[in-house]
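My questions all concern the structure below.
For clarity, chains are labelled A, B, C and D in written order, and residue numbers in each chain start from 1.
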Amino acid sequence: MLETNLCGVTLKNPVIAASGTFGFGAEYSQLFDVSGLGAICTKGLTLHPREGNPGLRVWETPAGMMNSIGLQNPGISVFLERELPRMRTLGTAIIANVGGGDLEEYVEGVRLVSGAEGVDIIELNISCPNVHEGGMAFGIKCDVAASVVTAVRRVCGKPLMVKLSPNAEDITAMAVACEQAGADAVSLVNTFKALAIDIHTRKPVFDNVTAGLSGPCIKPIALRMVWEVARAVHIPVVGIGGIATWQDALEFLMAGATAIQVGTATFVKPTAMLDIVDGLERYCTVEHLVTGDSPSCCNIQWRIP
Amino acid sequence: MTNPTPAYVEGATVLLQERLTDDVYRLTVAATTGGGPGQFYMVHAWDREPLLARPISIHSVDEDTVSFLYQVRGRGTELLARLDEGGEVTLTGPLGHGFYTEELHGRVAIVTGGIGIAPVFCLASTLPPGDVTVIAGFKSTPYAVAELLTLGVDVQVATEDGCEGTRGFCTAIFDPTAFDTVVTCGPIPMMARVAQLCAEAVVPCQASLEAHMACGVGACLGCSFPTVSGNKRVCADGPVFDAAEVIWHA
Amino acid sequence: MLETNLCGVTLKNPVIAASGTFGFGAEYSQLFDVSGLGAICTKGLTLHPREGNPGLRVWETPAGMMNSIGLQNPGISVFLERELPRMRTLGTAIIANVGGGDLEEYVEGVRLVSGAEGVDIIELNISCPNVHEGGMAFGIKCDVAASVVTAVRRVCGKPLMVKLSPNAEDITAMAVACEQAGADAVSLVNTFKALAIDIHTRKPVFDNVTAGLSGPCIKPIALRMVWEVARAVHIPVVGIGGIATWQDALEFLMAGATAIQVGTATFVKPTAMLDIVDGLERYCTVEHLVTGDSPSCCNIQWRIP
Amino acid sequence: MTNPTPAYVEGATVLLQERLTDDVYRLTVAATTGGGPGQFYMVHAWDREPLLARPISIHSVDEDTVSFLYQVRGRGTELLARLDEGGEVTLTGPLGHGFYTEELHGRVAIVTGGIGIAPVFCLASTLPPGDVTVIAGFKSTPYAVAELLTLGVDVQVATEDGCEGTRGFCTAIFDPTAFDTVVTCGPIPMMARVAQLCAEAVVPCQASLEAHMACGVGACLGCSFPTVSGNKRVCADGPVFDAAEVIWHA
């Protein structure tokens, strides 16, 4: 009933597991039937394997959490050989999240993934706040973002979704720049750059000093950004940030998102995404939003004026 | 030993909440999800705050119940301690790779510090009693010792304030050469010391690590610990590791 | 013991009531002895009286709240005549928070307040997200902010503290620009631009659509901003954002803040600020941070490396 | 009537929690802070979540206790309803300007909708019984009526489902010309209608407004309501206003 078209790819529903919070799908498939999801975004992939950041990596905050994983991943080749075949058995769409330290790594990474069968969409992560040499650098200034999207677009044969950082100077301008540079969709937001200090040791909690904030605490800001961006671009917008319930998801859809991603909420309740799918279905039925012969999410006018 | 598939269980009923010392409690809940020694559950016993569940080891387990031994350290464990019989907890588990019991042969030492004694009852129940020595360190009053004695294992106690057993750290009364295999669970510095002693004595040692966790199931990479073969996830690759593989002072 | 020097003004302690959350001090003085505070920031003042925004004005979020007050205030003349004399009896320092819709209103406003006896510091609010014609516009771009600070500086005979918006494109550059334009201190952060949608009415909760987010949820981001700014400027930085306990306050002081402001937490617990003062005093005593003949907060090395 | 100074009280003990209907409760707490009819308290009965306290009117009050009549609507009131005797609440109050009782003369009508009946017991206790008529509307089963009858006031009930009293809205059975002064408390549309009827009949009417609140003491300007003399703070300038001054359909 909630079938959704995301830049040409048909998803069962608009509820997607967010990158970095769902591994490659195997872990949570022990706990629930992940084929009920609209799609799964992989952990952020880089051309070369990365060990990620040393020291403490997660920290709780009021209604949220900070993380400093630092793009730990096995590298794209290992992903393609080992993880992708397994992911393809999970019965849902696959979105490969690709990160990088510099322009070349992005381009090479996307070229490799783009050639792989079974990857439905590429999500270009220009917004990871937790790696020093890059990622977020590309997510702050429009012209830098546009240059990486342009370069990646040339080698990308799949739908290209660009994941934006809430730390961007101007997230609306950023989205427009990515659209103009050839993005087929934008997803937002990644985590907010944040800080925690351990008053006992008198040191930052994280070795990297700052880390990325996610969870319910960021929802009101993320929702504002999604609403602003959805009014400014003509490509689909995927809403992310603190979504924990179907009501949260509905707010993002009403703000103009075509689909949504759920990250932190899955840690709190593994089945949160299935509950969201159920809740949205119930809502559509009760509100008679779905009508016609082949009812689908694409026909639903969620959006507020 | 194969690990049972984990499950997500909402509203597991609290059967018993026992206060063992000032800040140590034992919570028994109705759950049929089982698990083995060294495995743990992500435990949630509050509505929305704090946000994340807390990892707690299996203290003892049977077909119908799981019990946890825990120390109140912060907000989460404080809320756990407020639970009464009939209350409800949400569990995900059993999780992680527990102790490699098939490799525990001969004279087995289990060296613990503080609440690190939590998984020991479950572990000792699966080992032949005569061969097991638990060397348990505490800050002050010991806990969870009597029940170990009922299993017929030898228990040696060290307390930092000397209120019972030997005064000082448990590592001072632990001689690795007297054992064939060693298991350790407790604060990282203590386990690092046990690992070092075992390495010097060339005795195999399994350590149950701790790390801050978010997902508990291996999906977020939040709980990594450095080992000689790269960063490992404490929740999914562990919590039990070969102590010789762990890079203790990263 | 916690005496603090904030751009030449001696405060009893570094704990200040944040603008817009403490009226003109009279309301809360019914509930506790406000002379125990380091200072009180007035509700944002504008040259002309304002009625503020219509519709709902406050809304709860996870670990936070949104507000859309819209600078309701009696205007500077009424403030000077009626409120200021009363405030002066409260036994604490007075910081007049001045807002505006355009450059002229800012300059006229500051000129008027600057002439008033009893106002210790002027806090220039270039960051209110809730008024359409201005305020935050000045808080987004460095050059616009610099122009208003420069203009205001000319007519301001009192210490001038500029209150920054977390919605600024680059808050560090913004702070540096304000410093160069003549600010004696910066305070940050004001509220984050955020959105809430009522899924039942399918409309934004606030008439103004977006509103300002405050409270514990924003603390990790605010703390990061304060830390970044404190490393970039040579003037005092006043930390604001989600501070509810003395531990929170200490994190901001360790991040480089000279003083801190408390807003939302006062709504939750009217005496929160006194508890923070107590907690900081106990901490200093236990940690032996205060030594010497005239122990004072200025001598305390809170700051982390 | 002068308003007592408000206080912030942590850990006021719950003496009684009574469930009156499916979703209406009466909570009595030990508090010596007092207050008058139409005044309210900011009530907090949870740790950190939700963040803000909730405004609840004084239902009845004496030297040692305050009681509240409330309806479960969302998270805050749901948590209130979970309180047991011996539990604790945090109160700030009494707050606001209550009913102008000195202006209530002659035949007084108190027109309420739903939980708007909450402050009526406190108000009716201060008025000469023979002259008071309460016209109370409910969705379904009425509550808090019996205790009003014990005060000797006349109570007329309307229910939307007709399960008791007249079927329909209470405004349908309210004739302002039969009264000298009117008080109203309930949903805004209902109060707007009462205000209009009173204006047409040239009968003075006091209305107790509702608004989302943050501080509850007049400091944040979050609870404003438009009146003919500008925006007013419901918490500090009200909650009781002259209905003729209120701009009902802003």
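Here is the rule we use: a residue touches a chain if its C-beta (ideal position, glycine included) is under 8 Å from a C-beta of that chain, and two chains touch if they have at least 3 such contacts.
Note that the coordinates shown come from a computational prediction; the quantities given were computed from them, not determined experimentally.
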**Report entry** Chains touching both subunit A and subunit D, listed by label
**Finding:** B, C
Report task. Find out how few touching-chain steps suffice to connect subunit B with subunit C. Result -> 2
Requested in this report: Report, in whole Å, the distance between the mean C-alpha point of subunit A and the mean C-alpha point of subunit C.
Outcome: 34
Query raised in the report: Between subunit B and subunit D, what is the separation of their C-alpha centroids in Å?
Result: 54
Requested in this report: Going through subunit B residue by residue, note those that touch at least 2 other chains and give them in order.
Outcome: 48-49
Query raised in the report: Which subunit A residues sit where two or more other chains touch them?
Result: 62-64, 215-216
Requested in this report: Take each protein chain as a node, join two nodes whenever their chains touch, and name the resulting shape: line, ring, star, complete or other.
Outcome: ring
Query raised in the report: Can you name every chain pair that touches?
Result: A-B, A-C, B-D, C-D
Query - subunit C residues within the subunit D interface of the complex - result: 20-23, 27-28, 30-32, 43, 51-52, 54, 56-60, 62-65, 67, 69, 72, 215-216, 264, 266-271
Query raised in the report: Can you list the residues on subunit B that touch subunit A in the complex?
Result: 5-8, 44, 48-53, 90, 92, 211-224, 226, 230-231, 236, 250
**Report entry** Interfacial residue positions of subunit B with respect to subunit D in the complex
**Finding:** 47-49
Query raised in the report: Touching subunit C in the complex: which residues of subunit A?
Result: 61-64, 66, 169-170, 192-197, 199, 202-204, 209-210, 213, 215-221, 223-224, 227, 242, 247, 250-251, 254-255, 304
